[in-house]
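The block underneath contains the structure these notes are about, expressed in structure tokens.
As written, the chain order gives the labels A, B, C and D, with residue 1 at the start of each chain.
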Amino acid sequence: MHTISQGRLAFLLLFFAGLALYPLIAGEYGVDFVTKIMIYAILALSLELLVGNVGLVCFGQAAFFGIGAYGAVLLSPQDASASWLWLLPACVAAAALYALFVGALSLRTKGVYFIMVTLAFAQMAYYVVHDTPLGGGTDGIYLYFKPGLDSAIDLSKPHTLYYFTLVFLVWTFVFLAILLRSHFGRALAGIKINEQRMLASGFYTYPYKLAAFITSGGIAGLAGFLFAVKDGFVNPEMMSWHLSGALLIMIILGGLGYLEGALIGAFAFIFLQEFFKSDAIFGSFAKHWQLGLGLTIIACVALLPKGLIGLPDWIHKRLYGEKRIITEKMS
Amino acid sequence: MTTATPDILLQGRDITQRWGGLVAINQVSIALERGTIHAVIGTNGAGKSTLINILSGEITPTAGKIELLGKDATRWSQPRRARHGLGRSYQRNTIFPDFTVFENCRLAAQAQVHRPWIWWNNAQKCKISVSSAESAITQAGLTEATDRPAGLLSHGQKRQLEIAMCLATRPEVLLLDEPLAGMGAEETERMLALLNNLKANHAILLVEHDMDAVFRIADKITVMVNGSVIASDTPDQIRSNADVQTAYLGAH
Amino acid sequence: MKYKQMFRVALLASALLGASLSAYAEDNKPIKVGFMLPATGTYTALGNAIENGFKLYVSEQGGKLGGRTIEYVKVDDESDPAKATDNINKLIKSDKVDVVVGTVHSGVAAAMAKVAKETKTLLFVPNAGAQAITGPMCAPNIFRSSFSNWQPGYAMGEVMAKKGIKKAVTITWKYAAGDESIKGFKDSFTKNGGEVIKDLNLPFPNVEFQALLTEIAALKPDAVYTFFAGGGAVKFVKDYKAAGLMDKIPLYGAGFLTDGTLEAQGGDAEGLQTALHYADKLDNPKDKAFRSAYETAYKDMVPDVYAVQGYDAAQMLGIGLAATNGDVSKQAELAAAIEKAEIDSPRGKFTISKAHNPVQDIYLREAKGKENVVVEVASKALADPATGCPLK
Amino acid sequence: MDLSTFLIQCLNALQYGLLLYLVAMGLTLIFGIMGVINLAHGSFYMIGAYMAFALAPMVGGNFYLTLILGVVLAVVLGYVLEWAFFSYLYDRDHLQQVLMTYGLILVFEELRSILVGDDVHGIQPPELLAGTLPLGDIMTYPVYRLFVSGMCILLALGMYYVFSRTRLGMMIRAGSVNREMVQSLGIDIQFLYRVVFAAGVAIAVLAGMLAAPISSVYPGMGNQVLIICFVVVVIGGIGSIRGAFFAALLIGFVDTFGKVLVPEASGVLAYVLMALILLWKPNGLFKAG
């Protein structure tokens, strides 16, 4: 039960309010850009559920993301716009179904072996779209008609898609926050710390983990759907392990064990990339943007053991020389 | 509760455990009755912890039979046994250090709740698990520490919490693996008093190294050497048993 | 009558005034060119060459095309198609570029083409050979200055059939570029009486070729046609040579097999014949001038086919802008001018098809030392079939 | 497939398997013994390959001197990296190390770009090993590949010896099982880890240098080997030197024959194999030891 301390609540309210107001001041590209980050944030949240709250390090999250995205393209009619009312649940279900299959098998393994089995299943999905004509092969396929619902919610309009994504981001966050304080979430927290103890107390831990895995896969599928709708284009690289890796990096960077960590991580990771890529700031050295990003990440690991979410603590410590506990987990 | 026919809650018959060629447990039989504390003693490596692991369902034995409350539980998984009244504690602390004492117990009690999939209700408002947790905490004498994070408790309190987490699942049989390990004199006294209280309604298996405590509190003592039972009797009889003296107490 | 005449004069005058005013305004504002090229990863060197080539032409024109100054913005496409839409959106919507130039990777270019088509932004593709870009995805505002994967393959098929080769084996990575190149090769090779006895492929970017080389040795074809590029091309040629196949089963390929890789191949590619739209020792003055200019402008860098493609992208843009007096919004006129023009490229003169792919000579080249020396014109003024393009 | 082709394919598989083992060996050490999921392993391999290219001119193009110089530099590099970046991470969540090694990948890749450039380079094998041996009716086999295979076997035997016969090996094995226990025995675990890390880096760099004449040297080459190395280590059983050896050979065979027999699925075969093995034996083929 994460008691929402006042600081955290204030942060979240400001954060989401900021996102809601942002399109009023932003240009067309800004809206696009933040839509993308919000989609990554949803994806990061899905992984945070597994890694941060159940201790299952899934190295194949991109597969569920990709299945959601390919689902959106392949299930859409060729010559007309689909209604997202059925398309979105269909994509989520497709991703969740694959998660059921992957989870049922891979949860038999533990630790690093689990990491690698999830990777293996993700690579299988990757090669299916990469090496077969099913999904257009290596060049990917286009979504010609973006889904909508009459004219009211037409997802081909950037602003509509922005708020649509924002709603789902908030929904995902709130859903997970509620989930984590329920019986189900508490059991997951117990499993993360000591699964043996949970078994001894009478919990059948496997169904809990599997349910978490499916939930996570479904949310990743939701993110995939949104991504396909945003770009109107899907490519096998959406399922590559590089994305799975980048997601892990996001949530670790943000701070494991906190839903906000996933939000902060997704935003920070992409902003840092853009920052170091910026010609305006770094001139011709911007082409070596990975150097700056790499050094920043190393500095984060060295100085912020809790991830960026520990930054306020760290600053406070530097300023006042004492430790302040802001992130008390339990009540 | 004294009855003419002993109320046997957990029974293990001819349990054998082999690891490759090594026999860790050799044809051990044991019966736990309500209202008694049954201690198992033996040197390190005698197979005491393995026995607990087998009885609680963590390990499936190579051979032998286990009955829990009169039902054949040999093939039951650990959670199933736990749900049928078997509670165990561990030699090393298995408490959740970030959680409060209360939450530790509430979480354990939650295992008994029948609809764990309801994801929209706040677990802390669940009446069943809350009341189980509260009574377990009271029984274990941790009322004052209810809201403290478990990681900040003293060692003795942590061991008490370990027992409280067992009690929260409302077990009938308790398998306790060295609950007194590392305790000071005062803490030991508190724990022994607690065990004495629990004995009325539970069948307790106690694996313990502290001989003074065992002989003070146990109703029955089983002595294991190299995986086999060499004697099983009342404390007085064990004390005077020649085999036990040479094999175990003599070396003490 | 008088009124009518006055009206006409007034109309004409105001039109002229308006035009000159707008021309004046256009003159003041530079044209923004957005490079979306790889700055990290395997294709970095190619991205650099394209950018250099483009800038070389512009600076030769005094930094102006169609009378307007050219300004550059850059974004690293990371050769990642999953990020492609965002990257090009950034150029178009945030940096407000007038023209986008990019890229090397086909999947990324496919995503770019879609955005360019939807936003009606001018796009010049300086390398990626995906047929779709000038096929189903073709658009009045999308141009390619390089080639389609099909073209070198088709030319090579003709050459090999003419050499009397009957049975061939193809080998490539299992990805779109490889498939298209093999398709081109088969189209002409089988038409001219050859037979492809087996298509071998391996997952991209796997470079463990030994198993497939053994397979080739067992199949004993008359020749092998291959499509590999970059590090894979280097390793394939070296492995092919080391397996002792080079002398017994001649190897032919699309030109990327030996382009920019000869030094790394260290002599193992000597004598290898490949087909491409550019070659060394082309005896034309334009090429000589280009090469010396490039070497002067970029110290220590050897001009290559990628630089030529970048250079020609700039030429094509220049032709279009000259026709519209620097007005990028007149896309129809701009496209018409480019379609009509004969582009004086270092690779030799070429034209642009209705689908906006070069109609160009494909050369047969032979690797000699560190150069791919031209042998002959393998296919004269070869045009991509542009299947699926409505502009055709 | 006739018999001679089959035998040649077996040789290919064996040779590829050994090469995989060579590359994965350093990872087994660091991953298996220190528990560090070292994403930068591919970068060390890449650094090795570029060293083979960049150091050669400094020692007059002598291949063997380049190898020695490279390994010495790698040991220093590994030692310093452990000191600077990893020594304070062991008490933290394992995933922190993942983040750290990810940062290192980016840094190494850019430093490579800045220092050596982005071109593809070929490395010539030394004169003595440049020849080929005839094989079958029209094929030949490069001597250098056989030399690399030989080096793999030598290194494998060396590792086996160090681990099972020497005091250092015993301390390392003990340290991998129980860090506190080793510390309580008065062994400087900090130093031990530093040695292991340096050795892991040195082996990866050596693998890169040895593989350079075969694979050539190009940007992004490290990322390509990274995942397959993890596959090898995991199939073999984490921390098992012997397991990694057999797993590498297994992957070599699956990859080689997969390409020939089921080309449509060759990309995914290694992963299917890994999934099947882990579902069958959730701790890999060989447990640590």
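Points to keep in mind about this one:
As a convention for this text, a contact is a pair of C-beta atoms (placed from the backbone, for glycine too) under 8 Å apart; a residue touches a chain by one contact, two chains touch by 3 or more.
Every value quoted in this text rests on a predicted model; they were computed, and no experiment measured them.
The chain with its CA mean position farthest from that of chain C is B. Compared on C-beta pairs in contact, C-D and A-C come out with C-D as the pair having more.
Centre-to-centre, using mean CA coordinates, chain A is 37 Å away from chain C.
Note on chain placement: the centre of chain B and the centre of chain C lie 76 Å apart, centres being C-alpha means.
Chain centres here are Cα means. That of chain A falls 43 Å from that of chain B. Contacts with at least two other chains are made by residues 109-110, 113, 267 of chain D. Multi-chain contact residues, meaning those touching two or more other chains, occur in chain C at positions 40, 174, 203.
Chain pairs that touch, as defined above: A-B, A-C, A-D, C-D.
Here chain B touches chain A in the complex through residues 56, 58, 77-80, 82-83, 87-88, 90, 94, 96-100, 103, 106-108, 110-113, 115-124, 126, 129, 147, 149, 165, 168-169, going by the rule given at the top. Looking at the complex, you find that chain A touches chain D at residues 51, 57, 105-106, 108-110, 112-113, 115-117, 119-121, 123-124, 127-128, 130-132, 241, 245, 248-249, 252-253, 256, 288, 290-291, 293-298, 300-302, 305.
Those residues of chain C that touch chain A in the complex are listed here as 39-40, 73-76, 80-82, 84-86, 89-90, 92-94, 106-107, 110-111, 114, 118, 130, 132, 174-177, 179, 203-204. Contact residues of chain D toward chain C in the complex are 1-2, 5, 8-9, 12-13, 15-16, 109-110, 113, 117-122, 124, 132, 134-142, 145, 214-221, 224, 255-257, 259-260, 263, 266-267. On the chain C side of its complex with chain D, the touching residues are 40-42, 44-45, 48, 174, 200-203, 205-208, 210-215, 217-218, 220, 230-231, 234-235, 238, 242-245, 248-249, 260-261, 263-266, 268.
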